[in-house]
């Protein structure tokens, strides 16, 4: 109910003052004490709620999965461990776990979104694949078609160039790279669509757990590139979906 | 000419070997010695070349403006000083200068793109306006309609909330903020479209010339937010245009 | 005995020189070799001594708890492990342990302070709750009434706004947040009382174990906000108590 | 007018729907385009608006001073240059400038608040005095009595100890120090009231413009100490006032 | 043999050319392949060789202890684990291990140096004692009398002041502190002799494993204070010995 | 086949258009899905492919070793664990493992390159030897003669000076050092050939896992020194081989 | 008067209570409002007060010089500019200024201390000389004989070795170096006496204004080396004097 | 004279003891007080002495140029200002100055080395040219032929690929880049010879004066790349010459 309707009902005496006051203050979330579930989220943003599993206490996690499964028929969780998978499976038997992306997902068949448009997900090396898969599977879950273009780092630039046509067809490209993180710049130089760069914590020595790759990407001399947090495949998949949806609308 | 056509002409004897070899090696840029101008850029990316004025030697700058003006009838330059404006004006009298955004622009009337779609540009405070204007005017130059929503920082959250409807209408939001940089998170929490966060070097003490705001934005707990370099209004305006174009296509 | 009385006794021959000299040098603490217990602390500051359990050798910890329990009838310990709880329980059976806040506390009923005034403790997310509980329980131990307002981060600003009235009633607000740490600024913008911001080490990627949240909070553009160390719930609870006491005096 | 009254008027037909809707959306600030003045601020927080002068364009600054002077009869500005003083003086002749604290202030006699309670402001060295004066004069402007205790750094601890009694009488202590910043810890060890520590950019070599002092203060092993941004005397004076007001209420 | 004697012998035909050449090139250390033992070290510096045990492979460690024990009758090792103690004890049964300082030492009675002069070792808290003991026992091993003054941090400055006389009697003071590390400055302000400050990795949050304490100490506004590496108790004990020897010469 | 030949064949009808097009697009690597093997690498660079074992999933690692062993008869792997050795040995029984350098190597006798030229590898201490051995064995694998000069750190400069002649005979020197990393400068001051400096993560306290040594080496005031990543012995051995090959050509 | 005498006088009625109380509280410094002059300092520490000129307001500086000159007949100031020299000279005509060390000194002939013992001051390069001279002249002012050994950096290690004998004769060595700062380690390896290392801000690129040299020196693998702040020649000269005095006592 | 000859002369009485002793101690440099000129340098390293002009006092600079010009007939100076050029020209009229590279050079025609081999110098953008020219002209001065390949950054990768053949012909490549510094990796992926990467301070925002580019290059996932200090064109030119000489020997 919007404010106007509410006011009209007050004016018409269809709603008493107390109730009107309550509704004006009432916000579209449910307060479960330890967490505030955001029921209107999908409405507002077109994206259902997802669960960041890492570090969640066991009792909370299981509860949240059941809750969302029952209400929505679909739950996407990220950064889950195998132990968490075992735990949740006992309560939501339909849940599936991908050890590479660490995505813990349950989805009723009728809830699965058809995949449209095109998001490309690239990695610099094979060690970046877990983060890339988090991005790719997130985008797929939210209804994007995804093209995976892995192991095309700048140190062997011909591998990237050979994929040029695939890059040109995407509505958004997610570029995932650790170590020196130069992939983002090279991809943005080749592409026309927005590039979301994801630094990874892959590397050693002075890579400082992804800080070096992050700085590389933030300082990129290419146009059309923006950056998310280190290892934040989910965030990149989310933005890629937002952009892809615009293109297919 | 694509490779297939070229090969066909070779096969048919319409092109000799030497020429074919040359064309295969020939790349779509012009080598001016100190710089390589990218003639195919607009074709490839839909964006004409822009000039980063800061630090360019006088002789180069004037030359480049004349060159691009004559060829394209439109030049966009960023981070220009008033001195550079005086310099360029002698050669390209149509050039205009905005001291706030420091944009130095020349555009033949017939070259001006109609403004479509909607990009919102927000700032945390008034000191962030120069960077915001760089973003806004860049987006306008590339054909976006822009809604400016300034001085809506998180310390007075009601100012931001009052603009909620305007935020909801944009295809992309550019959130510009220095100091603690919390604007990006608040905006992304309210919006459905992608948010491009621009940390600014505004601040003092432990703001470290924008590093603090950059870290805030990169660590944002909101979805749908990605980050460009400190003070990089141009970069944000560019990406916002890419996204806006998708929405209006 | 104050200096004046002492001097008077010396003058009157009621105290000999040696004793006077000794007393003037004697300071109000007891030297136990490996630690110097501060007997006058509660007198001086109105706060009893607390124990930072983490890293304390087992033999010392048990000894200290018994010592303080016998002398004061109340001990507050922070950052205790479950093992330390088991250890101390054998010596002070009345001790209780809260695994969330990791507070290890023993308090004779007659020693419990009545709770007055109001301190609000907010968190950005559920993962910040352990630090928030350390703050809340510290404030309660020292005699404050506490209002817990959890999971009201800036990414869903409506959740925070819905709690506005509760914030307005507090004499001091403790704002606990990790990741980008924007909660402190938003709370300080809504509140009239001092806000103590506690960055937490919650986050990943470029959060750098709380450094990012710390910088955000230190650079806050809001008024009335000051910051304590990363994860330092105890320190925040302590200051909140100092301020709350002033308000209820 | 609060929500209840408004709803009542709607119900009673004393206010039409459109107006009610408008008022519900209407927020208590005035939008001047480049800035949003917060008219309800003093009401809400008990503190009038202040002006951060540094970097403000001349035309804006003069305008803002006149505006606030006419409306409120009192303006406090911080970080003003002598040039800005000359500028504002032409428009608000009553304005006064203190080159040490760089405070640019205008106050009608009848607007001056009586000074009550007690805030102590300490510095480690003489070079910290400008920041300390910003804190002290801010607190005085908002109605606190201030005791200045300067040049009592830890390297000559007897100087600080000699001031012990003065420290004990304050409701809040502002501890201002650069270089190694140890003053905050020593003061908090002596005091019973909250200590607001202000790191200053005073120092050289590895002081890194105040970062070192900031870290020292954030890591303080003393209780009852919280920290504001480097050189942020205004922020410390503001919080000290909040706390002092509680004590004198 | 010095160069002059050698040349004389060459001149007199007492040494042939080849031998002279060899001796001139021969340097006073023994090459054991994986390590170069420095036989002349004690001669040169007045300090025997010590062993940094941490991370040494088992076979090397045992070998080195036996070697030095047989040659010198005294070995001092630092940062040893209990496992290393068990290992070495099988080969050098006289070895003793102190789990606090982690010093692994073997010393024939006749090799023990009489303790002269006075070095004071202070700590800020009890958690700094392991590093302090490394310093104290190192100084004792090399022949200094040591006065331990523990738990006298700046947060309770009266505890330090009560030890003033003891500080005044030392020839060198080692000040060991973590967290904010302010002890060094306070001690140097009270003492006349050189103060060697040792930052420790004790702390949490923004202490960054001792970096914060290191910066505090390096920026100290006191005179007569210099700093060694984080947790480097051995280094401090070594320098204290050098200075103490000068005083007792 | 080069482009000219290809075009000639097209012209002469010896190759059809489709094949020509394919070959022009076909790049010299094989796409195995999760990784792109670079078959032309040895041809291009004169170095066979090597395997960075650390973090490689078991199934991939074994597969890659077998693949390369069968194709090339020689595989060099770095940063292998003993577990990985056991794993690979089951598939490639000829593989050998060196626990110091952590190199996991298989080489058919006829594939072993004769060792020519001279590369010197120095270390500051014994703890740097693992990194040095990675460099030395890499250089040997690629056909260099290697002179190991270990434990010649700057703190005992005579040990380094005694090796002067050996340094002068090398075509390239690899200087491996942790802690303060001064070895690189001293070696470069003595040598005429290029020095590749390798900072190691050896050290404690403020060594920050090799950052300090890295900064030392990058700031070296000596000529002829360049730096690779922390602990990157392989990279240094590779460059040393490149330089050595030039000298022996 | 010591406490005992005072108490005796009280007992004997030679001093009344009030006076005794006053004297016990009275501390040995003079409070000049903006600064607290430490009259007992020379007594306590054997060092007169020195003036850190940089940033001191003109009126204060002149006043302080006159004050100290009249009282003590000797003033040592550091980091003075030529303008400050001109200013002070008008009030204390005997003052002399050394533009290299930036020391501004006035000393009555009868106040000059005879120079005894030996302090060696070394530099890595010629650019480090200003800091070295601050150290050397400070040590001379306080009565040390100084041996200057300049431009003996590690990149040309033979230059340092040629000075070995001079190093061996010093009671303390000050090692001043910027860039990579390796001098400290090399000197400490050669010397038997304590080495005070002074990192300088000399360098470029990744020297980060002396941070790199500071880290090098703090991480030194040599024994007997401790570090002062970047460019802190005065501090090093002070400590060297403390040590030298012990040796010559 | 080598040691053997000297000893022979001593034996034969052709040299007296004192002279022999002196010569053995005498080192190959000349001590000019403020600087130690290294006469044997060219002999030792094959490179004459160069002058780092920046920050050199005027009197020293002129003196050094005259000295080296008279002795060697060739001087190379780096980082010279136009003022220094004017100064030196008065004393060495043959000196020439290049404002781009800031090289100040004097060379008698007969001293000019013939240029052999091939060093390639690449830049990412035009703003990197000054550093590249310092590298290129240094290499030319020391006798290398240089191929300049400018403005071939990774954001437009086709520009770099078009230069592939030129890269393949070089014996060493210097890759100069600021901003995100990805050029080094791309070049090393294409080349067979060693790549010396030079980060530049070109950039803004989070480039941190070249630190970001430095980290990118140090973390490069390509083989055959090592790094020198930020903006250190001279150092790169020097090493490139060392390598080029090996190839042309």
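Descriptive notes on the structure:
Each chain carries a letter (A, B, C, D, E, F, G and H) given by its place in the written order, and its residues are counted from 1.
The criterion applied here is as follows: contacts are C-beta pairs under 8 Å (C-beta built on N, C-alpha and C of every residue); 3 or more make two chains touch, one makes a residue touch a chain.
All of these numbers come straight from a predicted model, not from anything done at the bench.
Judged by contacting C-beta pairs, the busier of the interfaces B-F and E-G is E-G.
Think of it this way: of A-C, D-E or A-D, only one pair shares over half of the B-H contact pairs by residue number, and it is A-C. For this pair, subunit E with subunit F, the centres built from the Cα atoms lie 38 Å apart. In terms of their C-alpha centroids, the spacing between subunit B and subunit G amounts to 54 Å.
A straight line joining the Cα centres of subunit F and subunit H is 26 Å long.
Within subunit C, the positions touching two or more other chains are listed as 156, 161, 205-207, 211, 214, 218-220, 223, 229. Checking each pair of chains for touch leaves A-B, A-C, A-D, A-F, A-H, B-C, B-D, B-F, B-H, C-D, C-E, C-G, D-E, D-G, E-F, E-G, E-H, F-G, F-H, G-H.
By the touch criterion stated above, subunit B contacts subunit F in their complex at residues 3-4, 7-8, 10-11, 13, 17, 20-21, 24-25. Interface residues of subunit D, counted against subunit G in their complex, comprise 126-127, 129, 150-152, 156, 158-159, 161-162, 204-207. Across the complex, subunit E is touched by residues 44-47, 171, 192-194, 196, 214, 218-220, 223-229, 235-236, 238-239, 242-243, 246-247, 249 of subunit G.
Contact residues on subunit A toward subunit C in their complex (touch as defined above): 25, 27-29, 33-36, 38, 54-56, 60, 199, 201, 210-211, 214, 229-232. Those residues of subunit A whose C-beta lies close enough to touch subunit H in the complex are 124-125, 153-157, 160-161, 179-182, 185-186, 188-190, 203, 205-208, 211-213, 215-223.
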